[in-house]
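The same chain A turns up in both complexes below, where it pairs with chain B and then with chain C.
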Partner chain A sequence: MMNTGITGDLIEVLFVLILGTAAFVITQRALRSLFTLYAIQSVILAAIAVVLFAEHRTVSLLFIALLTLVIKGFVIPAFLRRTLVVLPTKRDIEFSYLTPASSILLSAVLLFIVYTSFSNVAEVLFSDRLFFLGGVIGVSLALMGMMVIFSRKKVVSKIVGYLTMENGVLLFGLFIAEMPFIIEVLIVIDLFMLIVLSTIMAFGIDSSIEAFHKKLTQLGMRFED
Partner chain B sequence: MDFPEFSSGIEDKEAVVQSLFWVGGALCLVATILPLVLLFRPSRLLRQAALWVLLAGTGAISAAAILVISRSLDLHLTLLSITPQLALSFRLDKLSCFFVVIIGAVSFCAVIYSITYIAHYKSERSKQFLTSGLAFFILAMLLVVASSTTFGFLFFWELMSLSSFFLVMFDLDKPETQKAGIFYFAMTQMGTIFLLASFLLLYRFTGSFDISAAGNIPQWGKGLVFVSLFIGFGTKAGIIPFHKWLPYAHSASPSNVSALMSGVMLKVPIYGLVRFIIDVFRPDLWWGIVLLFFGSITALLGIIYAFKEHDLKKMLAYCSIENLGVIVVGLGLYVIFDFYGLRVQADLCIYGALFHTLNHALFKSSLFMTAGSVVQATGTRDIEQMGGLIKRMPGTGAIFLVGACAIAALPPLNGFASEIMIFQAYLTSFSLGRPILEILLMAGLAALALTSTLAAACFAKAFGIIFLARPRSGAASAAKEAPFAQLLAPGILAALCVGFGVFSYQLISNVKSGMPLPDILPIGIIVLVLTGVTFLLLLLTRSPVRKTETWGCGIPSQTGKMEYSGDGFSEPIVTVFKPVFRTRKLSTREFYDKYNSIPRSSSGEIGTLKFFEERLYMPIARFFMKIAGAVSNLHNVDMDALILYSFIAVVLVILGVGWWL
Partner chain C sequence: MNWNTAVYIVMNPLFALVLSPLVLGLIKTVKARIQGRPGPPVLQQYYQLRKLFHKEIVYSEDSSFIMRLGPYLGIAFMLTASLFVPMVFIPQTGWFGNIILFFYLMITAKFFMVLGGLDAGSTFGGMGSSREMTVSSIIEPVTIMSCAALAFVLKTTSIPEMFRTLLAGSIFSYPTLILVGISLFIILIVESARVPVDNPETHLELTMIHEAMILEQSGPKLALVELASGVRQTVLMALLINVTFPWGLAGLAGCASLLLAAVTMAVKMLILAATVGLFESLLAKIRFFRLPDFFMIALFLSFITIVFELLR
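The block that comes next holds the complex of A and B.
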């Protein structure tokens, strides 16, 4: 059980940092910084897992931290950066439905909504306040990732949104659901495959989804002939 | 003791009824499947065999129902029990069997008619389909009225609606048929939804799907159920303003099907109303007023619309609306008189309504069948293209005349016999002692009287324009008499019309004695004698006929164009009811110059506003089209928007969690 003291404070600080990176992910236009932000966010997540391990002494937490650090902190961002080589534009300035400013405002509202909604069921679901905060921030992070997916036009940014969402799920899992380690590993492998595939298809990654779809259909028609 | 013997006698009868019912149903099912056995090689033999099997099936079920009525039996049968609550079970009592007899007898004649009628279609595939659909439609109708649970009722009701929908869509290449199909499908489904709602409400209140258990529910719930049932049944029965599908569907479908739809299917919702209002619930006064109001409007508007129609089958369809209105008036009056405890008047009304249901089934199917023969012979439904058919199709003409006299409520025919019962009840309603209600009843009486008059005028026009004078088109002058089966079937029905009219007093007193009714038998004898004497005199005093060209004011010979037309006949009455028809005169002019002095072209048009279609149905349809368009725009989107939707959904779920938990 998480008591007061240094670990609790530390985790709360890390929560704030995570929210900060999420806000930057929503607004950042330069792609290289976007990837770096994602790497930082993943490292913070790993740090949270380590702090939790220090408190709970569950070995799987350590593994999760390690896995997150290596794959999400270094390998995936490295793959993403390689796509920049073929991308003609290095900045994503196209947005749909939401501008970055309104996205920030909306995420604040979302955080509030999730907080109040969860506080109604807090007694049943969460064993203490820190876990409750972890759940709230995990869900909010997932929703922010979703916002990134639908508000950005470029596929690479969408991928970052998806990765952010997954980070949210991981955070939620760390504090609430006690996700089995094996599933955590599988999710990471999924992510990894996604990134690899995306880099392979880097020829289409500069375009938006519609244009990409068009290219795919052309490909399909060639096969039919 | 002869008591045990007596009871075993009853059990014997029940066993007979039961086996007749099952055998009849099974035969109808066989007739449905038989034409489809050789799906890709339609066989004429199998099709004919199916019709004979169907004939036997309807005969068996009718016999069972007649046995039930004559022995006052009350049988419960179960076909299939999915759970103890959801069962397809049947109840054969006097009321349901009365309707089974109507359906069975008319279907019997319709099947005879179909034997040669179906043969005139070109494609073997469509003949095969029509035979099978007909059998299934008849079976579904029979089982609706026999059902004892709301579940079974709705199940067979929907089978009936769907099979009739496919039959309406028979000529699906014609745009007119497509329009009819869409109207029919949308409206019949709307009706079903209201029925479903009321049955679910009943289940909510009583916890049972049994129809007879529906009586004990709270007063407000009863009112709600009644309104919902009224809309549901009213849509099927063509009660104005839910009637619009009826003229389209009846005119678009093959004539044997329209005879069944108009003669029989419209009676099924009447059965529903009677069952629920009289047998299950104890109705409130306002139910009666609602029924009376809508019934009167339906009767009057139905006949007014029928009058200006020159599509033969549409005219008959509007007349069906009128007659259904009369039946609903009877039911409404029953509720009112029953509420105030006037037994005699209440009995007059309910027996009058039920008798009129039977009579309408007889004469309307007979009329639709003869109309079908006429349409088949002339190739058109426009009565302005007919004329002079009595010389070319004397049998059909005579049967149509009997049907027309019956529907126009001329004594001594059956239409008169049943309408007089409702008039009788109206006329004795002064004993009610409630001034406002009496004024309402007098207004209703006036409306009913006007309806009857217009019905007579309408059929004077129909018979005159179709059968009398000279042919108005080449097709009419080349018309040939219908084959024997197509004369036999409506002929049986016409004979029943005469029989039920002349012996109505004896029939009704057999069922319920002491009703203040006129005995039509003497009138019948007088009419018979007078007709005989007239014919005899004609024969005796016949002078030799000299055949020569009449002097035509210097014009060499008369043509069909010089005859009195149907539109000419109806013009005075159309003028009187101008506000109802909303006659519109449209004229457009185009000019060569901007000062509008050199006309280029002009056009003029006189039409009537289809009030319900243009002011009620189409706005509703457009509203839903708009919603449908918006919804379709919502899901024809790119991936981003789909993710946005799921985002919104997730946020809503989170909000919901916070709100309710």
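The block that comes next holds the complex of A and C.
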């Protein structure tokens, strides 16, 4: 059981910050800032896990925080930034179906819908108001990530949408379903492999093998010709 | 009326009037330094106003009484609006402070400026007025939403009451104020016609909004119009500062505490001015038809503030 003292307040501040970064992930055009936003979001998530650890003393929470901080806060953003060296575009200005303004509006509506549908089961499912809040924000963040995936046209920013979605799932997992630590690790490894593969695919899909090798060499991956 | 209220009525608008040229000057200096220029002296705006007050007034022969009356009305409405946001200490009375009335007073001031822009019959004035009204009508729902969010979080529509509540609590009691703060910052940028929305330094016909409207004003009238927009910026900055970081605001009027509060407020104001200058230097002007995207962020943040407060 969570007591709503200073930890509760701190977590609420972090929730607010997560929602703030989500808004900017939807609208940001410059790719570099998009990656930085994702990194910031992941660091905030790690901070939430640390605060939860301070409250519950479950060691796996600390490991989740560490894993999130290292892989999602630093390694994945760094990898994404390296692809910018090869990528011809630095800004993603193409949107399909939804303009940033309308996706922002839609995500506000999404948050509200998730809130109303969750409040029906809140009594049974959530032991605490804060857990309810975490659940709602987690699911909304996942839905916002999904929206980024279908409203962006560039594959690189679709990847950020996917990552945001995963962050939402992690947030939901932190507050609702206690996942075994090993599953968390596997998810992160999966995520990492997926990012590596999809970024490589993202800028290699239109080139021949030789040109592709050249691009990979620029990324720092050596190939014998 | 007790002396507390009397001191407040004199001091608050005066504080805004005196400080606003300095704030404008500091923003200019920060921007110039970032661009690698020495820039004008920080006190340049004061010299500018003195110069303007000593000049003669020239009116277009097509202009009517609106042109002559507009600047007075503008500054009058702005000074009245400045009474609504306590900058140095929180008054004891509940006479003024309704946040909705506050924003409408500011809009009325803008309305007369827009009429003045149309009045002289120049094409630039008309263009500027048209753009200003377009931007205002888009930012309007955002402003109202932010007011609603503030009122919803702090359970009051009176600005002095909000500040009093905030002084008693901490940021942890109202975490959503971070989001409202970002919304208010965007509103500040829009209302004071700063970079991603308008460029206060250019007189290029393609980009100017605010400057186009006041092109036909001259001499002391121009000085009044500039003072009015300076006060508008200062008052909005004060609102933003006191919502996000109210500490230092005096709860009661006493000589020493007043002086201390005034100095603290001035320092906070100058820090915010430097931040605005930095923000302006980092961003390029947004294309006119893309502006709604920028405003939507503010709308979204205010909206989720309300949802978040429902959740808590």
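Please note the rule applied: the second predicted complex is superposed on the first by the 199 of 225 C-alpha atoms of A that agree within 3 Å, B and C clash if a C-alpha of one lies under 4 Å from a C-alpha of the other, contacts with A are read in each partner's own complex, and residues count from 1 in each chain.
Basically, a contact is a pair of C-beta atoms (placed from the backbone, for glycine too) under 8 Å apart; a residue touches a chain by one contact, two chains touch by 3 or more.
Being a predicted model, the structure only gives us computed values, none of them experimental.
Chain B and chain C, once both complexes are superposed via chain A, fit side by side.
Looking at the shared chain after the overlay, A:L197 reaches neither chain B nor chain C.
When the shared chain is aligned, chain C comes close enough to touch A:R129, but chain B does not. Contacts of A:V85 after superposition: neither chain B nor chain C is touched.
Contact with neither chain B nor chain C is seen for A:I182 once the two complexes are overlaid on the shared chain. Using the contact criterion defined above for the overlaid structures, shared-chain residue A:F150 touches chain B, although it does not reach chain C.
For the three-chain overlay built from the shared chain A, the minimum Cα spacing from chain B to chain C equals 15 Å.
Shared contact residues on chain A (touching chain B in one structure, chain C in the other): none found. On the side of chain A, the complex with chain C involves touching residues 6, 9-10, 12-13, 15-17, 19-20, 23-24, 27, 99-101, 104-105, 107-108, 111-112, 115, 129, 132-133, 136.
Against chain A, in their complex, chain B makes its touches with residues 638-641, 643-644, 646-647, 650-651, 654-655, 657-659, 661. Touching chain A in their complex are the following residues of chain C: 171-173, 175-176, 178-179, 182, 292-293, 296-297, 299-301, 303-304, 307-308, 310-312. Chain A contributes residues 96-97, 110, 113-114, 116-121, 124, 139, 143, 146-147, 149-151, 153, 209-210 to its touches with chain B in the complex.
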